[in-house]
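After the structure tokens below, expect a handful of questions from me.
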Amino acid sequence: MSVRVHFYSYCRDLAGCAETIESISTGESLAVLLQKLFLRFPKMAAMQRSLLVAVGVDYQTGDYILRDGDEVALFPPVQGG
Amino acid sequence: MSVRVHFYSYCRDLAGCAETIESISTGESLAVLLQKLFLRFPKMAAMQRSLLVAVGVDYQTGDYILRDGDEVALFPPVQGG
Amino acid sequence: MQRDISIIAEKIDETALQAGRKSSAQMGAVIYFLGVVRDTEGPDQIAALEYEAFEKMARHQFDLILDQVEKRWPIGSVRLVHRVGRVGAGEPSLWVEVTAPHRAEAFAACQFLIDEMKKVVPIWKKAVF
Amino acid sequence: MQRDISIIAEKIDETALQAGRKSSAQMGAVIYFLGVVRDTEGPDQIAALEYEAFEKMARHQFDLILDQVEKRWPIGSVRLVHRVGRVGAGEPSLWVEVTAPHRAEAFAACQFLIDEMKKVVPIWKKAVF
């Protein structure tokens, strides 16, 4: 299955694009998806410790099992206000 | 010498007047003045523990030695806001 | 720190007061606090509060509090308006504006100012039924 | 608790927002917080901040914070406006209104809301020189 990934703010600059599609197998976790993305976008791997990850509109951790149709968002620490 | 005493809020109600003049001897303290006032206004004596006392625009304690021309103010706990 | 303390009998005109804000691009935080007369006092319904101030001392005590604010926090400005006389339920009796570079100090100073006011500034209220 | 969250590109109109306050004689405390864009970022002079939001998630995260506010404190209403796009130095990027029966809970809720926002609400800024 394929998952749409959105990049925001500095992550978009690092990725060079606002979104991408990544193929993963059924039952794979968010952590596996991120490893695949870091191979394609090595600059993002360098900031992975501060990276925030959401599925839909909720934050998720690496053990989250992706489902068909999930939309993932990657972004740096938030700075509102 | 004589000292002018102002009453505010509930103290004015208890005293039945907004101000009075009290005679004291030179070198006497605020505590002595208050004892004289409590004899004249016994209802105020009942609330002496919560009474606030100022000389001019500053709070003072009983050991303050009164000076000629001092204006004393007596009032209940403040409730601004 | 700029400071401006008013004790007034008229209604507090929030819009006019706000229009008078000395805004500055160094002040990242602006707080307004409004103390509004509630229509209940314990179990009783009230129509208004009647505020009385020992005005000269009130101004001096506000100034002493603001001296402390100025020593403790980097604050740009404080403006405060307290009404006296009859203030109807639902109307503000107190208006405070604090500007500061950052929000933490603005919140701390604003709360300190109000907390201290309620201990030392000679203003009293009576319920009007 | 009434709540109203807006993420807008237009200037924040304080006067109009305030005129829309649902005042109530049960709410003894009203707080406004304005977050203003400062003209410096560390040692650098800046002209503006460019704000970006992941808007759908931002609204949801604001709602989660307000769910917590509602559980913790007796709050009458919260209104919040956050600007996106270019916000010039000296202009507010954030406007918050909190009404509550008493000031302690109003201050606590307002500070909690802003603190939590800065941890979880997906909004970012970039300096414009």
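Going by the order they are written in, the chains are A, B, C and D; count residues from 1 in each one.
In this text, a contact is a pair of C-beta atoms (placed from the backbone, for glycine too) under 8 Å apart; a residue touches a chain by one contact, two chains touch by 3 or more.
Keep in mind it's a predicted model, so treat the numbers as computed, not measured.
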Smallest number of contact steps required from chain A to reach chain D: 1
Whole-Å gap separating chain A and chain B, where each centre is the average of the chain's CA atoms: 72
For chain B paired with chain D, centre-to-centre distance based on mean C-alpha positions, whole Å: 48
Rounded Å distance between chain B and chain C, as computed from the means of their C-alpha atoms: 27
Touching two or more other chains - residues of chain D: 35, 103, 114
Junction residues of chain B, two or more chains touched: 81
Pairs of chains, among all present, that meet the touch criterion: A-D, B-C, C-D
Touching residues (chain side chain D, partner chain C) in the complex: 14-15, 18, 23-40, 89-90, 92, 101, 103, 107, 110-111, 114
Residue ranges of chain D in contact with chain A within the complex: 35, 51-54, 56-61, 82, 93-94, 114, 117-126
Complex interface listing, chain B residues touching chain C: 6, 8-10, 52, 54, 56-59, 73, 75-76, 78-81
